[in-house]
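In the part that follows, the structures are each spelled out as structure tokens.
The same chain A turns up in both complexes below, where it pairs with chain B and then with chain C.
Now for the complex of A and B:
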């Protein structure tokens, strides 16, 4: 799309173009610099201290102590494990179901437009409303889940769904899928629409089965879209906080405390800004790694997507 | 035989669609029904799916509050106003600052252009939790806690990189000949941007505005930490507050939930085609 190779203007104009460009970029870059890069660096500095929340000037430097403490902290590794579990299960389910539903929409059954429009609704519902809604569905005494399972005869007495850690985690994942699956479907569905119909038709004429067409033509052509969805959803799932805050508040027995939630507790409930900063810096590093993968895959300088 | 198979296939697809639609709409229906139920109806066991005494009282309690309702319910409409204010101002700033930056990135030949663009892409992915501690300290230092401005400023941290990136991809699709003609006719760079590029890229602008507004409307974490009263509290915080540790005001929470969900859902449905095109451009809501 760019015109880099064709010299359109004289050198003088080109210098002017540079200068104009810098002025136009300046406000945006300045804002981003002040509200994101400086905080990340400040967090990095704080992570080598034992600064309390009550007096948040960097103080009491302890070197790598905060990071080393994580190595021995069971709470930390459990939070990492839960984050990992949450991310793999919810993103995995979203990709598999997303691919299936996108294919279903792509085959244009009667009513596919209605389905596509319907998918936009859960996506647009604010995350907190989504959390509040599912919390009410899972309610032990009056919730819809108990009511439904009871009237179907699947349970004989009401269960307190959110009192057992592993169950609570899985139920949070279901709530997250309700909200995020539509996003994956819409992305994959939009990508599917760009695949030329002739390819699969030609393969069919040549005797490829539907299964072969799916794996050998559709999946490879969809690969960029699948990767976009995968990376973006992984970054999002890794930072999950809002929905956990509303549904379980990290409970029961810390059973749904993910790494973001632990960072929040450490910094703002226990007031340990130092070790909270260390955790949040680790999260930045992970995110940066994901961003680099994303960029390497899609934004090679010569061909920008 | 073939025809029979085809019918069977369609029937199978319709069945699958029905299941998906059920998964989408059943929770929504429960949300709506809960919001028009009386407390007594809601607390019935087994649940009454259709309330015996449907009522709009819950909406009245929130929108025209009497005295009988809780503090959170009484102040809910102020949080709606705060959310509108914060999301709108954030969106306007993002469009203005973002258009300038995106135009430079999409059109002008500059050193480090790719490095800057990728930097913006990476910043877009930084989670709020990684920024919140210094921003918290800065907010206290500036005396901005519990004021809408702290939310507007901090929301720019995710909304602005997002808007710049999305606008850049849209501007790249505007035919360059149009601008060349304007520039040759003596139009300034800014004049060209506002009179030629923006009108042609209008669908992209609408799309970006919509996504930015939804991002800001949805934000919870900064609002939770930076606001505490109706001065600046936003809707998601108010809804989270309905779930106190001991008492959960279910009817108010569900009614608030409907009111909070309506603006983004209505916008998203009206501008549906912009969402699909925004997503095709790889755009993403957080």
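Now for the complex of A and C:
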């Protein structure tokens, strides 16, 4: 290397690596910018307009009118309430059942490998197929649910399942739990496998009951995994759309219209892209807020023994 | 060290940008053209028959490739609306329902074909059919499906109950149903499509007009919340409570009705014409072949109405922004032509009026197994069909009415309260 070199040579190794690293990241950043950030910003701009779907260029600015209209809309608040109900019941049940099943697999009962593998199947089924499946199961005249309950003697005649708003919502939730539970089990089971056996064994020697071992050792150590499952599933459940579209189309009497479904109706069925965008934005804000609350509540820097 | 990779990085980046630019649509070149069609797989010819029609079209037009995509009726409107937001749009030809023409015409989605329709075609197609595809004097497509909801009954069940004729009024239907129920022939004598979809509006319109009511008055203001409309809705609720209407109707659309009826689990059903061939002649689809008969759609006694039903007709239109409009129009003309419509009349009756008179009628009724029954049924029922209002806000107005009907059927609101709320929504939409 000669003395009379180009200025670039004056960069130290770290700076050089930084610069090359930037070049390598650039394509990725560009792609994220194009497929994520631009649409998000575009939606944000649209949310302040009365843009129709038939001509989706931002036009007819109305300021905060779309957002203010939601505050007054009964339909909007009902949808928000239904979405919270769906999310809390669905994610809550998945977490409790997921923990139970993961613990069961962890205790290595006979056939646990088969159990672990077959658990994946519902998760591998696409949501749309899952919805169609449950629509058939719930059918009042030729569905499997009526058939099962009849043969068990629990009902004396076929019942119409999807004709009462609250029941319909709970049945959609069951279909969603069936589909998403494997994901929670997988995460928790993987986390359980990393807990050293010695810790629970030592506690047992010291006289801790199974209950104490579960609550004082297993749960605290599982906390990061529970947090991950909780955040991912809450965000997913809050945006639920496809399973409802297939099973109930939002019926009966809007009883299963969640906020995402309402957004779909607003934007694509009614063609109000502006207010639809405002609704999508509110959904994003809600999910972001929930993720932040979770992290605040549960996330603690790892305590080293 | 890594800086020697920089040229590679720049190259990669350039390739990425180029590939993105490459995604931009290219102008259609000369030579073979592709016409993309969006339609539905409910009512009308089966996909196999649609492919045969394309093969025949290609004999005369080898340069036009036709690709057909099917969605369910309930997905069709939204699929068209979203596809139109791109340029060029994802489809060149779309199947449009009667009630969407006003909205799509206002949005500028459809190609004005008024000048492309010759006098002879204009003359030979039913005037009622042209009303479907025409908005404010401008024609936006060829009528294709001239349909109405029909009243079907299971002759065997009725005979076992001791009835030789189908009911003429809804009151008579209730009486017959009580006997059928008492004899244990079926649990719920009639199945309806009262799910939260356009289907429930269709059934409601039939009952509403059958009670002497209407959706809107002469000035276009909502009229469904008057006495007639409330009575019709209250009747729907009452039949569910009496176990005459299948309670699952509140979650059903047309295909569910067809399945229940085809399994022999209902004595009566209200559905589109396509159900006849599938339920009565197609043993793969039905357990009650040979038992299905048409009756004139009943009306309410004392309403002064003989019969009333819903007009659910559709047309094929060319997309205005399509780069292949001429080729697309050729295909639409072929698909809706008199000879093709006659050939495939098992699931769909022609829109060409000449077929229903004189010798042509004879030949039409002999075309296949279904037409000897469906053609007379059409001739008897279609004059009693009523269209829904052609307004640009129909999709939203209809959803409000669907909600109202379901709120009443699930007892969240009284029929009067529910319909008043929907009427208020219509007034609000009209004011926009």
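Following the convention adopted for this analysis, the second predicted complex is superposed on the first by the 275 of 305 C-alpha atoms of A that agree within 3 Å, B and C clash if a C-alpha of one lies under 4 Å from a C-alpha of the other, contacts with A are read in each partner's own complex, and residues count from 1 in each chain.
The rule we apply is simple: a residue touches a chain if its C-beta (ideal position, glycine included) is under 8 Å from a C-beta of that chain, and two chains touch if they have at least 3 such contacts.
Predicted model, so just to flag it, every value in this text is computed and none were measured.
Colleague: Kindly classify A:77 by the partners it touches after superposition: chain B alone (first), chain C alone (second), both, or neither?
Modeller: The answer is neither, since A:77 touches no partner chain.
Colleague: Is A:162 touching anything from chain B or chain C once the two structures are fitted on A? First, second, both or neither.
Modeller: A:162: touches chain C, not chain B.
Colleague: Could you tell me if A:24 is touching chain B, chain C, both of them or neither one (first, second, both, neither)?
Modeller: In the superposition, A:24 contacts both chain B and chain C.
Colleague: Touch test for A:215: chain B only (first), chain C only (second), both, or neither?
Modeller: A:215 sits against neither chain B nor chain C.
Colleague: Give one of first, second, both or neither to describe whether A:276 is in contact with chain B, with chain C, with both, or with none.
Modeller: first
Colleague: On chain A, which partner's contacts cover more residues, chain B's or chain C's?
Modeller: Partner touching more chain A residues in the overlay: B.
Colleague: Between chain B and chain C, whom does A:101 touch in the aligned arrangement: first, second, both, or neither?
Modeller: first
Colleague: Just chain B (first), just chain C (second), both, or neither: which does A:56 touch?
Modeller: In the superposed model, A:56 contacts both chain B and chain C.
Colleague: In the superposed arrangement, does A:142 touch chain B (first), chain C (second), both or neither?
Modeller: It touches chain B and chain C both.
Colleague: So, A:120: does it touch chain B (first), chain C (second), both, or neither?
Modeller: first
Colleague: Do chain B and chain C land on any of the same chain A residues, and which?
Modeller: 8, 17, 20, 24, 27, 31, 56, 139, 141-142, 158, 249, 264, 268
Colleague: Enumerate the contact residues on chain C facing chain A in the complex.
Modeller: Residue list for chain C touching chain A: 1-3, 5-6, 9-10, 12-13, 16, 20, 74, 77-78, 81-82, 84-85, 103, 106-109, 187, 195-197, 246-248, 250-251, 256, 259-260, 263, 265, 393, 395-396, 399, 403, 406-407, 409-410, 412.
Colleague: Mind pulling up the chain A residues that touch chain C in the complex?
Modeller: The touching residues are 8, 16-17, 19-20, 23-24, 26-27, 30-31, 34, 52-56, 139-142, 157-158, 160-165, 168, 248-255, 264-265, 268-271.
Colleague: Over in the complex, which chain A residues touch chain B? Could you list them?
Modeller: So the residues of chain A in touch with chain B come to 1-4, 8, 14, 17-18, 20-22, 24-25, 27-29, 31-32, 35-40, 42-43, 46, 56, 101, 104, 107, 109-112, 115-129, 132-137, 139, 141-144, 147, 150-151, 158, 178, 182-183, 186-187, 190-191, 194, 228, 232, 235-236, 238-239, 241-242, 245-246, 249, 260, 263-264, 267-268, 273, 276-277, 280-281, 283-284, 287-288, 290-292, 294-295, 299, 301, 304-305.
Colleague: Can you check the complex and tell me which residues of chain B touch chain A?
Modeller: Within the complex, chain B touches chain A at residues 10, 13-14, 16-17, 20-21, 23-25, 27-28, 30-31, 34, 42-47, 49, 97-98, 100-101, 103-106, 108-111, 113-114, 116-118, 120-137, 140, 153-154, 156-157, 160-161, 164, 172-173, 176, 180, 189, 214, 217-218, 220-221, 224-225, 235-236, 239-240, 242-243, 245, 250, 253-254, 257, 260-261, 264-265, 267-269, 272, 275-276, 279-280, 282, 284-286.
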